[in-house]
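Residue numbering begins at 1 within each chain, and the chains themselves are lettered A, B and C in the order written.
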Amino acid sequence: MSETMIENINLSKQEEEQREKPSLEDRPIVICARDIVKSFGERLILKGISVNVHHGEVLVVIGPSGCGKSTLLRCLNGLEPIDSGEIELDGELLTKPGTNWNLVRQKIGMVFQNYELFPHLNVMDNILLGPIKVQKRKKTEAKQKASAWLERVGLLDRADSYPRELSGGQKQRVAIVRALTMAPEVMLFDEVTASLDPEMVREVLDVMLSLASQGLTMVIVTHEMGFAKAVADKIIFMDEGHIVENAPPDVFFNNPETSRAKKFLNMFEFKGIKKV
Amino acid sequence: MDLDFAIKCIPLFWAAGKLTVTLAFFGIILSLVIGFICAVLQYYRIPFLKQLAGIYIELARNTPLMVQLFFLFFGLPRLGILIPGKTCAIIGLAFLGGAYMAEAFRGGFSAVGKTQLEAGLSLGLSRLQLLRYVIFPQALAVSLPVISASTIFLMKETSVFSIVALPDLMYLAKDLLKEGHSIESNLMLVISYLVIILPVSLFFAYLERRARFAGFGS
Amino acid sequence: MARLMEGLWITVWISMLSVGLSVLFGIPFGLLMAAKTRVVAKLMRIYLEFIRVMPILVMLFLFYYSLSRVFGINLSAYFVSVLVFTIWGAAEMADLVRASVTSLPAHQWESGRALGLSSLQVSLFIIVPQAIRRLLPGVINLTTRMIKTTPFVFFINIPDLMKVGQQIVEVAGMRNHLASVWVYGFIFFIYFIICYPISLFSRYLEGRWQ
């Protein structure tokens, strides 16, 4: 994607924010998590996390490695069962016995750090597996949607390729399309650029920026601070299993309240050591 | 070297070879089915059945087929369970082979990463769909070399079937020995097994090459 | 019972001897295969491929009944069984050696040389210990397979566990209706008792060393 396009996206995003910012908190809540506690054996990973994701909101979760941000994401779609607390999707309680998680996961798309495309299926079949086998949609209809998405991320000509023939950035864009073609209400992104070569990070982030500008509800775990600043409606900073700060991006990045957040943000700054 | 005798024997070897192939075929197909079921039971950690499959696999893998056949053919009838020779041979081979195939599939299943399962789950696939569309195709490619080795192994093991009085290739060779044409009959025996097993071995080599070229290195 | 133990002794003795000889011959064979001298490697391939598809029982027949005839020498059944098992085992062993030698990455050599070790020192301190670690589970595995192959000597009239078992059943079967169940069940059990710990040990080594 060209630079001008990115600027356009940023611009339209700003416009949108200005127009709709006051109403963001009033919009319906898609995901509501209350007091989530999760431990692996003896180790307590999440120590009571509460967070709301509103419709059309982009929530970015940041924090040092091992702070529990990925675990939080995986709890939201039930990949990790939680010890206590409650999770609601569209006001419906999920953390009760008898929840059909297969149904829930159709509404919550997830993209992983290592793409996790199915290596034995080509790009199109990877994308169509969910819509056809799970949602029982018509093949022609699903294929049309998939092609449209592929075209949008610039990969329509790779529909017949196998994952091993794609670069990391291309694989990740396919993985995003695979989740989107299920038409989810909310998308979870788990450090989706962490495994990519630096020159491929941008192409994936651009796709996500364009989705954000379109008003898709997203929860993003990332280490890309510049991207977080640009895409987020709300930043959540986690450390040692707690939410330490919960603020709009400009507030968080310019005036972090806590020393822990300051320390974390400083890790991304370099001061010159050479005397000029 | 009595070539005439060898040629005269061809129809006999043909008939005996057909029996060997038939028994091997059914035994191996059954092995694959049993092996697959056991591997699935262990993979999904179905309580109780999982342990049962484990015990079966260890028992079958750590005893010779001949002993298993002796027990089936000579032991069980005394307990009132009468099994005809052919069935006995197929059951014996499947009992042994099921354990080997289970190990083959288990290796393949465990090669499919946990994260692949999570990717499938987050698309909303059920456990059965996950097995069918995500795990099995990938596992099969990984298991193929072991499945092929086990198949060859089982085909070779069929050579003991003559102890349950089946007129297979070995039985025929033993019979002809008595007539005193040991060189000719043994040569025919070697050729028969080459003709039966070599194509299977080559076929699997071809399959493995194809699976490798389709290389799943994601 | 005492006779069964005698049969067991023969079974164990034949398999141990065969495994020992297999290792002895298999290692140079495997190195030959890895050495990539084209003619030798081709010959070894044919040998291996033949062993891979030929039932051991057929080879026993071939050697016991035909070879002695061809060369006009009388071979004892024991000699033939150890010979055939060794021919088979050495082929399996050679393949293991080849796999473990060729799977050692080249940079192991290079990093050893980079540390200033001579090539003899590299082989001795770096290559051989790693190769042994890779080989040992395979050798132990071969041992259990050898033990499970020994009942084949039944066919050339060696009084191993199976043959003795059969003889006992023939005699006792007259008086005791369930003799065959007990005797064959017992033999089944003996094989399991021998092979199971060995395969557990092999798996333990594999888990620890790989």
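As a working rule, contacts are C-beta pairs under 8 Å (C-beta built on N, C-alpha and C of every residue); 3 or more make two chains touch, one makes a residue touch a chain.
Note that the structure is predicted; figures quoted are calculated from it, not measured.
Innermost chain of the displayed assembly, by C-alpha centre distance to the whole-protein C-alpha centre, is B.
Centroid analysis (C-alpha atoms only) places A farthest from chain B. Work out the mean CA point of chain A and of chain B, and you get 48 Å between them. Rounded to whole angstrom, the centroid-to-centroid distance between chain B and chain C, based on C-alpha atoms, equals 20 Å. Chain C has its Cα centroid 56 Å from the Cα centroid of chain A.
Counting partner chains per residue, chain A shows two or more touched chains at no residue at all.
The multi-chain contact residues of chain C, meaning those touching 2 or more other chains, do not exist; every residue touches at most one other chain.
Contact residues on chain A toward chain B in their complex (touch as defined above): 74, 77, 79, 101-103, 105-106, 108-110, 112, 114-120, 129-130, 133-135, 162-164, 171, 178-179, 182. Looking at the complex, you find that chain B touches chain C at residues 58-59, 61-68, 70-71, 74-76, 78-79, 152, 155-160, 163, 170, 173-174, 177, 182-183, 186-187, 189-190, 193-194, 197-198, 201. Put simply, chain B touches chain A in their complex at residues 115-116, 118-126, 129, 133-134, 137-138, 141, 214-218. Listing the residues of chain C that touch chain B in their complex gives 49, 52-58, 61-62, 65-66, 69-70, 144, 147-152, 154-155, 162, 165-166, 169, 177-181, 184-185, 187-188, 191-192, 195-196, 199.
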